[in-house]
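For reference, the structures are reproduced in the following blocks.
Here come two complexes built around subunit A, the first alongside subunit B, the second alongside subunit C.
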Partner chain A sequence: MDTLKMQIDGQWLDVTPGMTILDACRTHGIHIPTLCHLDGLSDVGACRLCLVEIDGNHKLQPACTTKVADQLVVHTDTEKLRNYRRITTELFFAERNHVCAVCIANGHCELQQLGYSVGMDHVRYPYLFPECNVDASHEKFVMDHNRCIMCTRCVRACAEVEGAFNWDVMNRGFNVRIISDFNTPWGESTTCTSCGKCMHACPTGAIWPKEYAQGQLKKNPGMIGELMEKRNMKLT
Partner chain B sequence: MERKKLATIWLGGCSGCHMSFLDIDERILELASLADIVKSPVVDGKSLPPCDIALVEGSVTSDEHREELFHIRKQARILVSLGDCAITTNITGMRNYFRTADVMRNAYQDAASNDRVGNYPDDPQLLKLNDKVYPLHELVKVDYMIPGCPPHADTIFYVLSALLQDREPDLDRVKKIKYG
Partner chain C sequence: MDKVEPKKILISPVTRIEGHAKITLQLDDKGEVSDARFHVNEFRGFETFCQGRLYTEMPTITPRICGICPVSHTIASVKACEMIQGIRPAHTGHLLRKLMHLGQNISSHALSFFHLSSPDFLLGYDADPAVRNIIGLAQQFPDIARRGIRLRQFGQEISERITGKKIHAMGIVPGGMSFPLTEENRKALLAWIPEVLETARIGIGIIRRFQEEHQEMVGSFANFPTHYLGTVGPEGELDLYEGNLRFMHADGTILQDQVPPEQYLQWIGERSVSWSYLTYPYYKPLGFEEGRYRVGPLARLNVASRMKTPKAQEEFLRFKAIGDGQPVHGTFYYHYARLIETLGSIEQIEQLLHHPDITSTDIQLHGRWNYPEGIGHSEAPRGTLFHHYVTNDSGQLQKVNLLIATGQNNPAMNRAVLEVAKQYVKGDALQEEMLNRVESAIRCYDPCLSCSTHALGQMPMVVEVYDAEGRLLNSRTR
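Let's look at the complex of A and B:
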């Protein structure tokens, strides 16, 4: 297979055409923080955590949706990027109500881990404290919009892996919300198969199974990638 | 080294951070060799005198807290936010999503656990809740933050012993940042 040469953080690497900068980094063990990326799902560049600097391009580009190119020179860990990652992380915490102390995902949360990894000891922006619904109408699961970061991993897991298309996105900006069907209670959904893939895909405590209590939540987001890998296996 | 003056103050919190502070156990003797505790909820109730370090637990939920916080800022050379309530408002801030009157009605009248005729506690001795709960750094300059609900005793000890020996604590560097 053809390979291209590109430079990441001063290191020249052989990469495969068509892969993203994020793929290239992960293949070569270079860490870039992500929240909206999940192996097995399409990439949407929503969380802005994987922004990288590319020489000759004055705009920061998301590594998950930017393809590699020959002779591309990319920086993934500069002072500027670290600053932006910290800002982005703080804005996630400021936008909705992330009360770790009483959250089901406490200790098993990708957002919480992200905060630790960017060294966030406090949020410099005023908290917005939006009033958010908690939809507990589903027999097995709860959707808590307080903890949602709009990564849309649930939307994509439902559409691309389960093929049920229960989840979607409504409104924009501050009012943006994940919706079930046409913004009806999840428990009344005519499309949901109760498979739980959205719960496993969710990086925070926004979607959780009812049988768990505070801090007990264990998710397996890796199962989404595994499912897609198995689906693509040629068995004959 | 000159002995320092240390204060710990309890605003809108549950005192869990102070419990965690006491969980440093016998290491409190090391702190006692470096500092005098000039005010603390476990000591007495007089107004805060000038001090080197003030650890402040809890959020600002009322005018009384606000005035106290401004007073602390004037008196303390180093102000440290102790715990998630002081830094994020945490559970105390969960009423910020609603109107205070609705919260009070829900807690004292409509709650399933009471008789629905209860009155709000309104004794003039009690502090009057503000409409909004604030983290400390939204109102005054805060020098150091110790997040956690509660912060681990080791983390509190690390920060305090650093400050008392004029070293710069860095929770990120020692991987002691924790929320919840």
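Let's look at the complex of A and C:
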């Protein structure tokens, strides 16, 4: 197979055509923070955490949706990027009502982990405190919009892995919300199979199993990638 | 004769972060104190912002109400959850919860007695406020100060050895516990017992000596009859973790016995008052005026027929002798009662640590939402605590009622401040002595407001004297 040559953080690397910059980085053990990316799902470039600098391109590009190219020179860890990642993370916290101390996902949350890793010690933006619904109508799971960061991993897991198409996105900007079917209570869904893949895919405490106590939540987002890998396996 | 306008004296302890309280004293036209109010202006809105949350989140949310008795809140909360689910906790989970709860009560009592109150007894009320604290105590009585600090540590270590965390009551969940107790940790906790038993005995020695040497003051200090509420086991034994309610009349007769905590609303009424965010609970059959009751260590010892363990029982009999067949009404005896409970808790912890199943991993059962309503209760360090949840059929909370100990003691605290003020306040002059006595009356109840748990030094207060028109006559800050 052809390989291309590109430079990441000063290092020349051989990469496979068609892969994304994120893939290339991961193959070579270079860490880039992500939230909306989940192995096994299509990429949508929603969270803007994986932005990288590319020489000759004045715009920052998301590593998860930008393909590698020959002679591309990419920087993943500059002062500017670190600053942007911290801003982005703070905005996530300011946008909805995240109260880690009493959240079921406390200690198992990708957003919380991200906050630690970008060194967020406080939020510089005013909290918006939107009024968000808690949908507990489903027999097994709760959807708490207070904690949703609109990564749409649940939407894609439901559509691309389970094929149920229960989840979708409604409205824009401040009013954007994940909806079940045509914005009806999740418990009344005619498409949901109660498989729980959205719960595993969700990086925060927005979707969680009902009768769990704090500290006992175990999400396995890696399961999505494993399922897809097995599905694509050729059995001879 | 010209009518002298009644005056109001306002004492406001200024606090650091959360919550504050102030005291107003009403003078009559002869300049004598006629009324006292201990205002609780702290409103944290738990009952409101929990609405819409899942009932299973309450054991995590409610321990944040109080940093000193988080376990009591969690215990009351998981019991309410278990009533909603219709399950009982796993056997060993149940034992471990008792252990956690006893540990927290010891920590809280140790803080109240050794850190906050014992400097008054050992260094004297007249000692310089700059040294009348745990630091001053450490200088003059290093062994006692160290023991007090270690007793508190012991309580916290129980939680830490089980859950890995000192505070916030992690790991207590509906159906039992998340963490077992390992054999190694069981042994480590057992090794503490001789030392902490001795500390409890020393504490009891201090308070008994003080009581003997200051009989008159102790006997008259905020001594007024009220009814009492506490939790007892099937034979009337004092129980901090579970059991039924016993209401005792001020004259010592038992008003109600073995009332299941779920029926608390049948016997306890709550009335809001304009000057406080806490509601004023009262024993319903006697009405708002006559039904004032107290909770907490003094109340528990008054209502109980006996203690569960031998050493505590011995001391309990001495306590009962003070009342001579009547309940012990003197507010000062809260301290003594607190130490007797501490002694009993240590003995019970020792028994639990020897329980053959204590290190079993049968710690949690799982339930699901089945009933819309749940009520849980526990005896927090400061008194009987109720959590009451009403959910919709998705398990979301529609109504939350938290009846906390300090709320139930609030009417009695007013009364205690009044009694003390009557004794020590003359006219609108504000003596240091009087501030100390008012502070010490409040401390007896160990109310869970940060102002009263200032570990170092005196309670900061602003005292202001107003006349009936609200004009400031006198003001004193310390």
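Brief remarks follow.
What we mean here is this: the second predicted complex is superposed on the first by the 235 of 236 C-alpha atoms of A that agree within 3 Å, B and C clash if a C-alpha of one lies under 4 Å from a C-alpha of the other, contacts with A are read in each partner's own complex, and residues count from 1 in each chain.
Operating definition for what follows: a contact is a pair of C-beta atoms (placed from the backbone, for glycine too) under 8 Å apart; a residue touches a chain by one contact, two chains touch by 3 or more.
The shown structure was predicted, so the numbers you read here are calculated from the model rather than taken from an experiment.
In the superposition on chain A, contact is made by A:Q216 with subunit C only, not with subunit B.
Of the two partners, subunit B and subunit C, it is B that touches more residues of subunit A. Looking at the shared chain after the overlay, A:H122 reaches subunit B, while subunit C stays out of its contact range.
Contact with subunit B, but none with subunit C, is seen for A:P130 once the two complexes are overlaid on the shared chain.
Contacts of A:V169 after superposition: neither subunit B nor subunit C is touched.
Of the two partner chains placed by superposition, subunit B and subunit C are both touched by A:V102.
By the touch criterion stated above, A:A69 is placed in contact with neither subunit B nor subunit C. By the document's definition of touching, of the two partners only subunit C reaches A:G187; subunit B does not.
Annotation: subunit A residues 101-102, 215 touch subunit B in one complex and subunit C in the other.
Against subunit A, the residues of subunit B that register as touching in their complex are 81, 84, 87-91, 93-94, 96-98, 132, 135, 137-138, 142, 145-147, 149, 171-172, 175, 177-180.
For subunit C in complex with subunit A, the touching residues are 52-54, 56-57, 59-61, 64, 85, 170-171, 173-174, 178, 366-369, 394-396. Residue ranges of subunit A in contact with subunit C, taken from their complex: 101-102, 104, 134, 136-137, 142, 187, 210-216. Considering their complex, residues 93, 97, 99-103, 106-107, 112, 115-116, 119-124, 126-127, 129-132, 215 of subunit A touch subunit B.
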